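The following pair of complexes shares a single chain, chain A, combined with chain B in the former and chain C in the latter.
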Partner chain A sequence: MMDSLLVLIPVGLPLITAALLLPLTGRARLQQAAALVSGGVLLASAMLLCARTARGAILVLPLGGWSPRVGIVWVADALAAVMLLFVTIVSYATLLYAGGSLRGERERRYFYPLHQFLLVGVGGSIVTGDIFNLFVFFEVMLLASFALIALGGRARQVRMGVPYVIVNLVGSALFLAAVGAIYGAAGTVNMAELSLRAGGGGLPGVFWGATALVLIVFMVKTALFPVFAWLPDSYPEAPVTVNALFAGLLTKVGVYTLFRTIPLLGGTAPGGWLQPALVAIAATTMLVGVLGALGRSTIRGVLSFHIVSQVGYMIFGLALFTPLALAAGLFHTLHNMLAKTALIFAGGVAERICGSGKLYAMRGLARTEPWLAAGFFVAAMSLAGMPPLSGFWGKWFLVAGGLAADAPVATGISLLVGLFTLASMLKIWNAVFWGEPEGQRYPGRGRHHGMLGATLSLAAMTLLMGLFAAPMFSHLERVATQLLDVTPYVAAVRAAERREVHAEAP
Partner chain B sequence: MIGLAAALSGVLFACGLYLLLSRNLQRMAIGFLLLSNGINLFVLTSAGLPARAAPPLLVEGEGASRGPFADPLAQAFILTAIVIGLGMAAFLLALSTRHHDASGRDDVEGDDET
Partner chain C sequence: MNSFLLRQVARGVLPVAVLFAIYLLLRGHDAPGGGFVAGLVTSAAVVLHALANVAPSERARRPRVLGSVWLGLLVAAGTGLVAVAAGGPFLTHSHFDVGSGPATIHLSTTLLFDVGVFLVVVGSTITTLAAFAGGENPR
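Let's look at the complex of A and B:
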C-alpha cells in the first residue's frame, strides 16, 4: 500500500494541486504558497522513494488491475527515484524564484497551474513502464510547455516559439506511429515485455525500424545533434523562470528516456552500430553545442545553447555501456540539472538589473551584487568542471569511463569542450560581472529574497554534490549496474503480473 | 483493405508534412490535423485489419467472440491520440490567433538577428 502510494504521488499530487490551483487564478501569491506546500510533500515523498529503492528494490504498480502485458504499469526503481528527487528540487527552486521573476498579470496568472501540469508530465514520463503511456505523458508535458513558452505572448516570443512547437508536434506524431508499429510487430507496448521479446530474437525488421524511430524521437526531445535546432532560439525568448524550468527538466526527461530504453531494447539490437553511432552523436553534440554557445550575444542565449553541449556529455556516458561510464553520465545529468538552473536564475536577475540580456550592455555586477555574483560564479565554475564542484567530478568520472571503455577520441573531445565551456563562462563573467559598475539601469530590481535564495541554494547544492561525490557516485554505480543488467527490472514487472493474476483467480 | 489504408495514411502524412513546412500558421494547423489523422490510420493498419472482422464483444453464453475480431487495444490507442490531437490543434489555432493579434500577420518569418 505504502509502496503503491510512493509510485502514485509524483504524478497524482501535481495533478490534484493543478486542479486546486485553477480556481485560485488571479491570486498569484496564494497559488505560489499552495504550490510550495505541495512541492514540499513531493520532495519528502521523492526522498522516501530514494530510500526505499536504494537497496535495489523495484516498486511496480499495475493500474486498473489489468495484466501488465495489456494494461499500464508504473515502475519506480533507483534510477527513477533519483531522477524524481532532482526534478522536485529543481521545480521547488523554480517556484521560489517565480514570485519575483514573473512580470505582469499575463505571466503570473497561469504560471503556477501550468507548472504543476508540466510536473505531471515529467513525473509520469519517469515512472511509466509502458511506451504508449510514455507518449501520453510526453504530450501532457508538451502541452504545458507550449503554453509556458508562449506565456506573456510577446510577438517575438510567439514567433520564436513556433519552431519549438512544430518540431515537437512532428516528433510526437512520429513517436505515436512508432508505438503503433511496435505494437503491430511485437504485440505489446510494455517495456519489460518488449525487452524480453526483443532478447528472444525472431522479431521482424519492422520492430527494429520502429524502435530506431522511437530513439530518434527521444533524441529530438533531448536536443542531440543533428536534431537540436529547435532549442537555442526558442528557450531564451521564454520568461526567465520558464527558461530555467525547461533547462532543468525537459531535455533531462529526454536523457532519462534514453537511459531507460537503450539498455532495455538496444542491448539486443542487430547490427551492433548503435553504440558507435551514439558515441559519434554525443561527441558532435558536445562540440556543436559549445561552439554555438560561444557565438551567442545574450546571457541566456549562451546558457541555453550550452544545454545542447551538456546533453552530449550525458549521452556519451550512456553510449559507452559500462557501469562506470553510465554512472558518470547520470552524475553529470544530476549535476547539470542543478548548475544550469542556477546559472539561468542568476542570468535572469542580471538581465532584470540591466533591463536587457545583451552581453556588454552592463558591467560590474560583482561589485554591486556580490551574492548574485557568487551564485553565478560557483555554478559557472561547476559547469566548466573546476574542482571541487560537482561538474569536475562528472567530467572526471566520464573521462575515466571513456578511457576505460577505449574511446580516446570522444574522451579527448570532451576535454576540449570543457576548455571551451570555461571560455564561454568567462565570456559572461567578464562582460557582466567584472569591472567597474556601469549600465545598471534598475539596480534595486534584482534584490528579491526568493530569486537570490533559489540561485544560491542551487549553487550550494552543486558544491555539496562535489564534496560528497564519492558516496553519491558509488550509489549511482549501483543504479547503473542494475540498469545495464535489465533482468531485475523485467523480473519485477513480470512478478507483478503474476501477483495480479493470482489475486484475480479466486 | 490494408493496402488502401496504408496508401491513404501515406497520402495524409505527405500532405500534412508539406503543409507543416509552410510559414503560415493556419496552414501549419491544418497540416498537423492531416498528419495526426494519417498517423492514427497508420496505427490502426499496423495492428492489422482482418477482413470481415467482428466487433471485439463477447457473445452471451459462448464466452468468446465470433471469428476474427479487430484489436481493441489499438483502437484504444487511437482514441487517446485523437483526444490529444484535438488539444494540440486547439493550441495551434490559439497560437495563430495570438500571433495574428500581436503582429497583424499570419506568417512567421525567420530570425531577424537582433
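Let's look at the complex of A and C:
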C-alpha cells in the first residue's frame, strides 16, 4: 500500500495539483503557494522513495491490477528514485524563483498549471516500465513544454521556438512508429519482457532497427551530437524560469531514458558497434557544445549551449558500460541539474538588472549584488570542475572511469573540454560581474527573496554534494551495478506478473 | 457565419450528435467507443452550432468551457484514487450488474473515468477551436 503510493505520487500528485490550479487561473500568488505545498509533499515522498529503494528494493505498481504482460506497470528502483528526488528539488527551486521572475499577466497566468503538467510528464517518463507508456508521458511533457516555451508570446520567441516544436513532433512520430515496429516484432512493449526476449536472441532485424530508431529519438531529446541544433536557439528565448526548468529537467529526462533503456536493450545488441558509437558521440557532443557556447554573446545563450556539452559527459559515463563510469555519469547528471539551473537563475537576475542579456552590456555586478555574484560564482566553478564542488568530483570519477575502461582519447577530450568550460564561465564572469559597476539600468530589480533564495540554495547544494561526494558516489555505484545487472529489474517486474493481482476477469 | 441552411442543419445535428455521443460513452468499456471519441463528437457538434449561430459581432457569446477540463481531470484521477483508498493499485475498477435476467445492465466504474475523459476532451477541444475562431485569449 505504502509502496504503491510512493510510485503513484510522482505522477498522480502533480496531475491532481494541475487540475486544482486551473480554476485558480488569474490568481498567481495563490497558485504559487498551492504548487509549493504540493512540491513539498512531492519532495518528501521522493526522499521516502530513495530511502525505500536504497538497499536494492524495486517497487512495481501494476496499474489497475492488470498483469504487466498486457497492462501498464510503473517501476521505481534506486535510479528512478534518485532522479525523482533531484527533479523535485529543481522544480521546487523553479517555483520559488518564478514568483519574482515571471513578467506580465500572460506569463503568470498559465505558468503554474503548465509546470505541473510538465512534472506529470517527467515523473511518468521516469517511473514507467513500458516504452509505449514512455511515449505517452513524453507527449504530456512535450505538450506542456510547447506552451511553456512560447509563454509570453513575443514574436522572436515564437519564431525561435518553432524548430523546437517541429523537431520534437517529428521525433514523436518516429518514436511511435518504432514502438509499433517493436510490438510487431517482439509482441510486447514492456521493457523487462523486451530485455528478456532481446537476450534470448532470434529476433528479426526489424526489432533491432526499431530499437535503434528509439535510441536515436532519445538522443534527439537529450540533444546529443549531431541532433542538438534545436536547443541552443530556442532555450534562451523562453522566459528565464522556463529556460531553467527545461535545462534542469527536459534534457535530463532524455539522459535518464538512455540510462534506462541501453543497459536493458542495447547490452545484447548484435554487432557490438553501440558502445564505440556512443563514446564517439559523447566526445563530439562535449567538444561541439563547449565550442558553440564560447561563440555565443548573451548570458543565457552561453549557458544554454553548455547544456549540450554537459550532456556529452553524462552519456560518456553511460557509454563505458562499467559500474564506475556509469555511476560517474549519474553523478555528473545530478550535479548538472543543480549547477545549471542555478546558473540560469543567476543569469536571469543579471539580465533583469541590465535590461538585456548581452555580454558586456553591463558590468560590476559583483560589487553591487554580492549575493547573486556568489551564487553564480559557486555554480560556475562547479560546472567548470573546481574542487571541492560537485562538478570536480563528477569529472574526477569520469576520468577515473574512462581510464579504467581504456578510453584515453575520449577522456582526454573531456579534460580539454573542462578547460574550455572554465574559459566560457570566466567569460561571463568577466563580462557581467567583474569590474566597476556600469550599465545597470534597473539596479533594485534583482533583490527578490525568492529569486536569490532559489539561486543560492541550489549553489549551496552543489557545494554540499561536493563535500559529501564519497557517500553519494558509493550509493550511485550500487545504483549503477543494479542497472547494469539487468536481472533484478526484470525479476521484479515478472514477479508482479505472477502475483495474480486482477481479482476477476474483465 | 450567417447562413440559413447551416443554421437549420446545425440545429438538427446537435441533438443527434449528443445522443450518439452518449451511446458511444456508455458502450465504451466493452466495445469501440469511450469518453475520448464521445467528447470529440460532442465538441464537433457544439462547434458547428456555434459557427452557425454566432455572428462575428457576438464573439463574446462563444462557449466558455475551460472549467470542464479541470473538473474532468479530477473525476478521472478521482476514480483511480478510490481504488487506492480501498487498498488496490491505482486505476483498479469495479464491475457490477444491476437488475436480473434479460434486463441486466453491466455497470463499471470505468464509466466514471470515461466521463472524466469526456469532460476533458470537450473542454479542451472547444476552448482550442474557439480560440482559433476568436483571435483573443480564451479565459
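Things to note:
One rule holds for everything that comes next: the second predicted complex is superposed on the first by the 500 of 506 C-alpha atoms of A that agree within 3 Å, B and C clash if a C-alpha of one lies under 4 Å from a C-alpha of the other, contacts with A are read in each partner's own complex, and residues count from 1 in each chain.
Keep in mind that, in the parts below, a contact is a pair of C-beta atoms (placed from the backbone, for glycine too) under 8 Å apart; a residue touches a chain by one contact, two chains touch by 3 or more.
Keep in mind that this is a model prediction, so the values were computed, not measured.
Superposition note: with chain A as the common reference, chain B and chain C can be accommodated side by side. By the touch criterion stated above, A:Trp396 is placed in contact with neither chain B nor chain C.
If you stand at the C-alpha centre of chain A, chain B and chain C are 40 degrees apart, rounded to the nearest 10.
In the overlay built on the shared chain, the residue A:Ala18 is in contact with chain C alone; chain B does not reach it. In the overlay built on the shared chain, the residue A:Arg159 is in contact with chain B alone; chain C does not reach it. Contacts of A:Gly65 after superposition on the shared chain: chain C is touched, whereas chain B is not.
Number of chain A residues touched is higher for B, counting chain B against chain C. Using the contact criterion defined above for the overlaid structures, shared-chain residue A:Ser4 touches chain C, although it does not reach chain B. In the superposition on chain A, A:Trp434 makes contact with neither chain B nor chain C.
In the superposition on chain A, A:Trp371 contacts neither chain B nor chain C.
Distance between chain B and chain C in the overlay is 6 Å (nearest C-alpha pair, rounded to whole angstrom).
Shared contact residues of chain A, touching chain B in one structure and chain C in the other, are absent.
Residues 66-67, 69-71, 73-74, 77, 80-81, 83-84, 87-93, 95, 137, 139 of chain C are the ones touching chain A in the complex. Those residues of chain B whose C-beta lies close enough to touch chain A in the complex are 17, 20, 25, 28, 32, 35-36, 39-40, 42-44, 46-48, 73-74, 77, 80-81, 84, 87-88, 91-92, 95, 98-99, 102-103, 108-109, 111. Interface of chain A with chain B (complex): residues 70, 132, 135-136, 139, 142-143, 146-147, 150, 153-155, 158-162, 165-166, 169-170, 172-174, 176-177, 179-181, 183-185, 233.
The part of chain A that touches chain C in the complex is made up of residues 1, 4-5, 8, 12, 15-16, 18-20, 22-23, 25, 61-65, 106, 501, 504, 506.
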